[in-house]
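Each in structure tokens, the structures are laid out below.
Across the two complexes that follow, chain A remains constant while its partner is chain B and subsequently chain C.
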Partner chain A sequence: MNIVSIEHISKYFSVNDTQALSDMSLEITKGEIHAVVGENGAGKSTLMKIIHGVEKCDSGNIKINGKTGMVSQHFRLIESLNILENIIIGMEPIKKKFIVDKKKAFEQINEILVFYGFSLNLNTKIKDLSIGQKQLVEIIKVIYNDSDILIFDEPTAALSELEAEKFRKTLLSLKEKEKTIIIISHKIKDISAISDRFTIMRKGRYIETVTTKSVDISDISRHMSGTEIVNPTIDRSIKPGKELFSFIYNNEKITLHESEIIGITGYGDCGLHELEDTLEELSLNNKNIGYVPSDRLSRGVELNSALKETLVAKNPREFSKYGLLNWRKIDTFSKKLITEYNIKGTINCQTGTLSGGNLQKSVIARVLYQKPETYILCSPTWGIDIESANNIYHEIESLKKQKKGILLLSYDAEEVIKMSNRVYILYKGRIISTIKDMSVATPELIGKYSSGIINE
Partner chain B sequence: MNNILKKPALLIVILTIVPTVILVFILSKDPIYSLYVFFTGPFSNKFNFGNMLNRTSPLILTSLGAFIALKSNSFNLGGEGQVYLGATVTGLILTNTAFIPSSLSLLLTIVIVLLTTGFVTFVSSILEEKYNVNSLISTYLISMILIYICDYFVTNLFLLENSNILTTKPIPEIFELKSLLPPSSLSSGFIIAVTIVIMFSFLLKNTVWGYEFTISGRNNAFSKSMGINNKKYKILGLTISGALHGLAGYILVTGSYHSVISGFYMNLGWNGLSSALVAGSRPIMILISSLFFSYLDSGASSATVLSDVTIELSTIIKSVIFFVISSKLIKDSLIKKGNKT
Partner chain C sequence: MNFFEIITPFLLASIGGLYTEYSGTTNVALEGYITISAFIFITITKLTNSILLGFCLTIGIILIISFIHSSLTIKLKANPIITGLAVNMGFYGLISALSYKIFKTKGVISLDYPNIETMPIKILAILLPFITLFIISKTRYGLRLRVRGLSKKSLIYSRINADYYRLTAMMISAILSGLGGIFLGMELRSFIPNIGSGRGWISLVIIYLGRKNPIGILIGCGIFSVAQIFSNYSQNHNVPSEFILALPYFLTLIALIISMRKKTINNR
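Now for the complex of A and B:
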């Protein structure tokens, strides 16, 4: 039985002149886990918003037999309140007309916890939770609202591998209890491990729906983007050259050499963010350091400005004489960058209308143009489709060949292992371990260090 | 309807004119004539037209001041007091410097006006940077204090005796701005104001300074990451905003009233703010929105003189505009949120 059936819907956004969806159809059976995959900007999030009812479509038919609940990429929780209070917001059980019945709420939520086998202390403040736990709170909130259809927008993007594994188990237990689940994800593992079927979208259109069991992993990736996952072959035989740059983190000196990639990783609040802030400061005072921020939407680009304004932001003085900007020079320069790095956009378009992959390309293009010796790349492939991520890996490879040094800060253990000469693992604001021999590095090993299970 | 929604400026004009028409129909015995006078009054003769333009000159400067503050991501709610301060300083210097050459004292006046009013908002922005005092509040409170201080000078120490209004003695004729369209009061202040807007428009668009100023105001995190000094531009934005309000006060005295009158700054600050909000993101639009505001004002005065409509009407219309603008801002933020794909 189809719990959701969408027929030939279209959606046009006048603000940035994009056809987000055109003639899109989707059928979802009750009780299945259905993944929706596609490149950045394929219209997945818009489709989910339409199913959830927060966005209206321009034309087409939608039939939904049940209540929908959405867990979006960015959590909507009030940090200073506890779990219980966050869950019941908007749905508070009431006694004596206007008093919130916390006892009843407590019982109701506990029932849910027991039924699904979750463990959480309801009195904990949100700010004390890990990302995975926050997500669990969002899920319980949606269940508490009696939703039958749960929609997840890139749920595992911000999670560590360990937490992502837990999350997948959670989804399976939700499925057992007859909830229907729709999930958007870029991670092959989410799809291969738990989904029953997946639907591929490209440029706002329906491509096909595939039963997951009938294909193998590499097929999924080909289905998703038309390209295979390339395992970047970092040439580890290139010996690191002379010293480029060093900094001290928590009494430990980290030195970066030519042709060297140093990976720094960890889970959740391990201190990676604070380290990024420190390194950002360093990059401001040193022209030889190029910095690609992890928060590319606010630090990497200016969403409300024209693309060319974003591209020249680091060095506007280069395009000026006596303080006067030479817009013709800026235009030529921006056009050059756009063609060189294959950014899909025009120099005068609003930066915010670009898709995630193209935004990241713009950031990297700007940093590469600086021609620094040292690169600080923070979660460079986060939330980016496979094709764009591959391009970024290739770029890093060629930088290494050009004797540049690269600091790779990333929560993605696999990425760090693939690229680095050595890896530092952070745990609670300090370096818990250094892996120098990359042949022994596995995501599991890094996972154990990151969660503090092994301590050196 | 969708097409209209895409052009907020047009929507604002429609949403203000419709209630005006309805109000006139309710309040007037001869609504058609009143409306006719209301809308054509400002263009009926040289006198009315010139007066309308002259009314616009200080408004253009206050709008530009508010605009610059908004661009640097702060609010200057103290426009009223800053205009009054600029005017009072102008009046006091020009009426009391007969002993130095006139061109020197004119130059001195402008410099002192810019410095004093700029300093007032500079203090607000420093308070914000150093002690986390919201400039939205501090600009307003400081401006209220300034109004009382200026009133003390105007209505006590320098009050012109035997006058039926609270005013200082007129400034010497030599300091009055050149009249452009007699018999109307249009003065060269209008040209000054327009020139300054064009100048800022150019600065913002075509200089490194303007570029960094704009980017810094739009996105702090980004500009910090690009090595732009956010603090500097934020302080500068509010300081320039204050100085421009002071200059509006200067033009008010030298171009329109030729003396400092208690309360004559009334609404210049607030109208400047709403006019800046209507103008949106392009400085050149300030000219159009300021003209629109004083057109409404002048229309209301014509209607008051020639028909049975009262002056309160224009105030009501301005409140309507404020409502419409604030809803427009809400709408903009909704559009941005809803469209992330």
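Now for the complex of A and C:
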């Protein structure tokens, strides 16, 4: 039985002149885990918003038999409120007609926490949480809302491998409870490990729906992008050059050299978040450090400004004379960056209307253009499709060849192993271990260190 | 006028304005609502000879006006400052036009009434900060109102009508300021042009000085009322009243500097 059936829907956005969806169809069976895959800007998120009912389509038929709950890619949590308040919005238990029964809410949420084996202090403010924890709060929120159809937009992108594994288990247990799950993901593991079927979208159109079991894992990525993916390999033979930049983290001095990529990783609360804050402050006072924030929405861009404004925001001086901006110069420059980095958007479109991946491309393009000596990249490929992620890896590789130093902060152990010359692993706010010989580095080893296990 | 008579309109208007602040906007028409309510109340009471009728009809009319004002602002996504200022100016025009039409005067309109009992309004005004604190922190309406001000998308994704909360907040602020205007009319037993004499604007200032917190606002209103009493008193002596009227601003400035220093030290 189909719990969601979508027939020939179209959606046009006039703000940035894009046809997000055209003649898209999708059928979801009750109780399945259905993955939706495709490039950035393929219209996946728009489709999910239409299913959830927060966006309306221009034409076509939609039939949904159940309550939907959605965890969007960019969290909708309120930073200044605590976890409990965020979870109960929309489903507040009420006593004496209009008073919010926080005690009851507390019990109900704790039941969910115990059931799924999560641990959270419900009185913590959202602003004190890491990305992974925020994700968890969002998930608990949709579970709490008692939705039948759960929609996840890139849920594992921000999670460490351990957390992602836990999350996938959570989805499977939700499936056991007869929930229907729709998940957007770029991670092949999400699709191969848990999905029953997956649907491929390209440029707002339906391409095909595939039963996951019927295809090989290696085939999935080809199905997803339509082209053969070439994995970038980093040339480790380039020897690091002279010292570029150093900082002290918890009594340990980390020095970055020319042609060197240093990976820093860890799980959830390891202190990566705080380290990013420190490094951000350093980068602000130093023109030779380019910084790409992990939370690109709140730190990387101003959502209401035009894309061209976002692209020149780092160096407005270059585009101004006597305090006046030279818009013609800005337009040419922005057009150049947009084509060069394949950003799907026009120079005048509102930055906030870009898809997550394209947003990240704009932020990275802006920093790369500045040509600093040192780059601080924080979760650079979070929420980005395989092809674009590979483009970013290629870009990092060419930076390395140009004798630049790169500091890569990422929760993604595989990414760190693939790119780095050296890896620092954080645990509870300190460096628990350093891997200097990259030939021994495996995700399992990093996983072990990240959980605080040093020797067996 | 004694302390309670002075603080009442301040409290009503600033706590009313606080609701719109929670919903993420500002109602700059507080002053206008005070003035027009006083006018409507005096007019209806004079024409019908019934305070009760005057009171109820005024509240009803303000409800309708504020509903139109806020729903237009929200639906048309207009700038709330501009619509608020337009409402303010429109009210003044309306008052002098109607005043001339009905009473053939643009000046003072007096009621032939002995004392009007205003105690219930005073009590309500004093209790209002505490009631508001309760509503904001304990009720569902309060939670959603705050969320509306912090993130509209949060409400949309939970599929709650986000506009409802801003609309009602605007109406609450209009009604409470209106009550302040009615109170002034009752106290003076007449309508005089510029009866609000800047109370609406000062209330907006108090909201910010009170850090958008009901108790902070209560304290702010208290300081301003005391200053008002002093300035009335000083007119009989040789102290410039402007100096005393400036005192609350000066005091809050000092208070802000001190509290900010504390905050930065804590952050370090």
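Rule of thumb we're sticking to: the second predicted complex is superposed on the first by the 361 of 456 C-alpha atoms of A that agree within 3 Å, B and C clash if a C-alpha of one lies under 4 Å from a C-alpha of the other, contacts with A are read in each partner's own complex, and residues count from 1 in each chain.
Throughout what follows, a contact is a pair of C-beta atoms (placed from the backbone, for glycine too) under 8 Å apart; a residue touches a chain by one contact, two chains touch by 3 or more.
Nothing here was measured: the structure is a model prediction, and the numbers come from that model.
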TODO: State whether A:100 touches chain B only (first), chain C only (second), both chains, or neither.
DONE: second
TODO: Examine A:300 and indicate which partner it touches, taking first as chain B and second as chain C; both and neither are also allowed.
DONE: first
Open item on the list: In the overlaid three-chain picture, which partner chain does A:172 touch, first (chain B) or second (chain C), both, or neither?
Closed with: neither
TODO: Would you check which partner chain A:325 touches, where first means chain B only, second means chain C only, and both and neither mean what they say?
DONE: first
Task: Touched chain A residues, chain B compared with chain C - done: B
- [ ] Examine A:145 and indicate which partner it touches, taking first as chain B and second as chain C; both and neither are also allowed.
- [x] second
Open item on the list: Tell me the contact category for A:114 with respect to chain B and chain C: first, second, both or neither.
Closed with: neither
- [ ] Would you check which partner chain A:453 touches, where first means chain B only, second means chain C only, and both and neither mean what they say?
- [x] neither
TODO: Jot down the residues of chain A that show up as touching in both complexes, chain B in one and chain C in the other.
DONE: 54
- [ ] Show which residues of chain A lie in contact with chain B when the two form their complex.
- [x] 13-16, 18, 20, 41, 43, 45-46, 54-55, 280, 284, 291, 293, 295, 298-305, 309, 313-314, 316-317, 320, 323-325, 327, 352, 355
Task: Footprint of chain C on chain A - complex, ascending - done: 52-54, 70, 72, 76-81, 85-86, 88-92, 94, 98-100, 145
Open item on the list: Considering only the defined contacts, which chain B positions touch chain A in the complex?
Closed with: 2, 6, 205-212, 214-215, 218-219, 221-228, 335-336, 338-341
- [ ] Give every residue of chain C touching chain A within the complex, in rising order.
- [x] 138-141, 143-144, 146-147, 150-151, 153-160
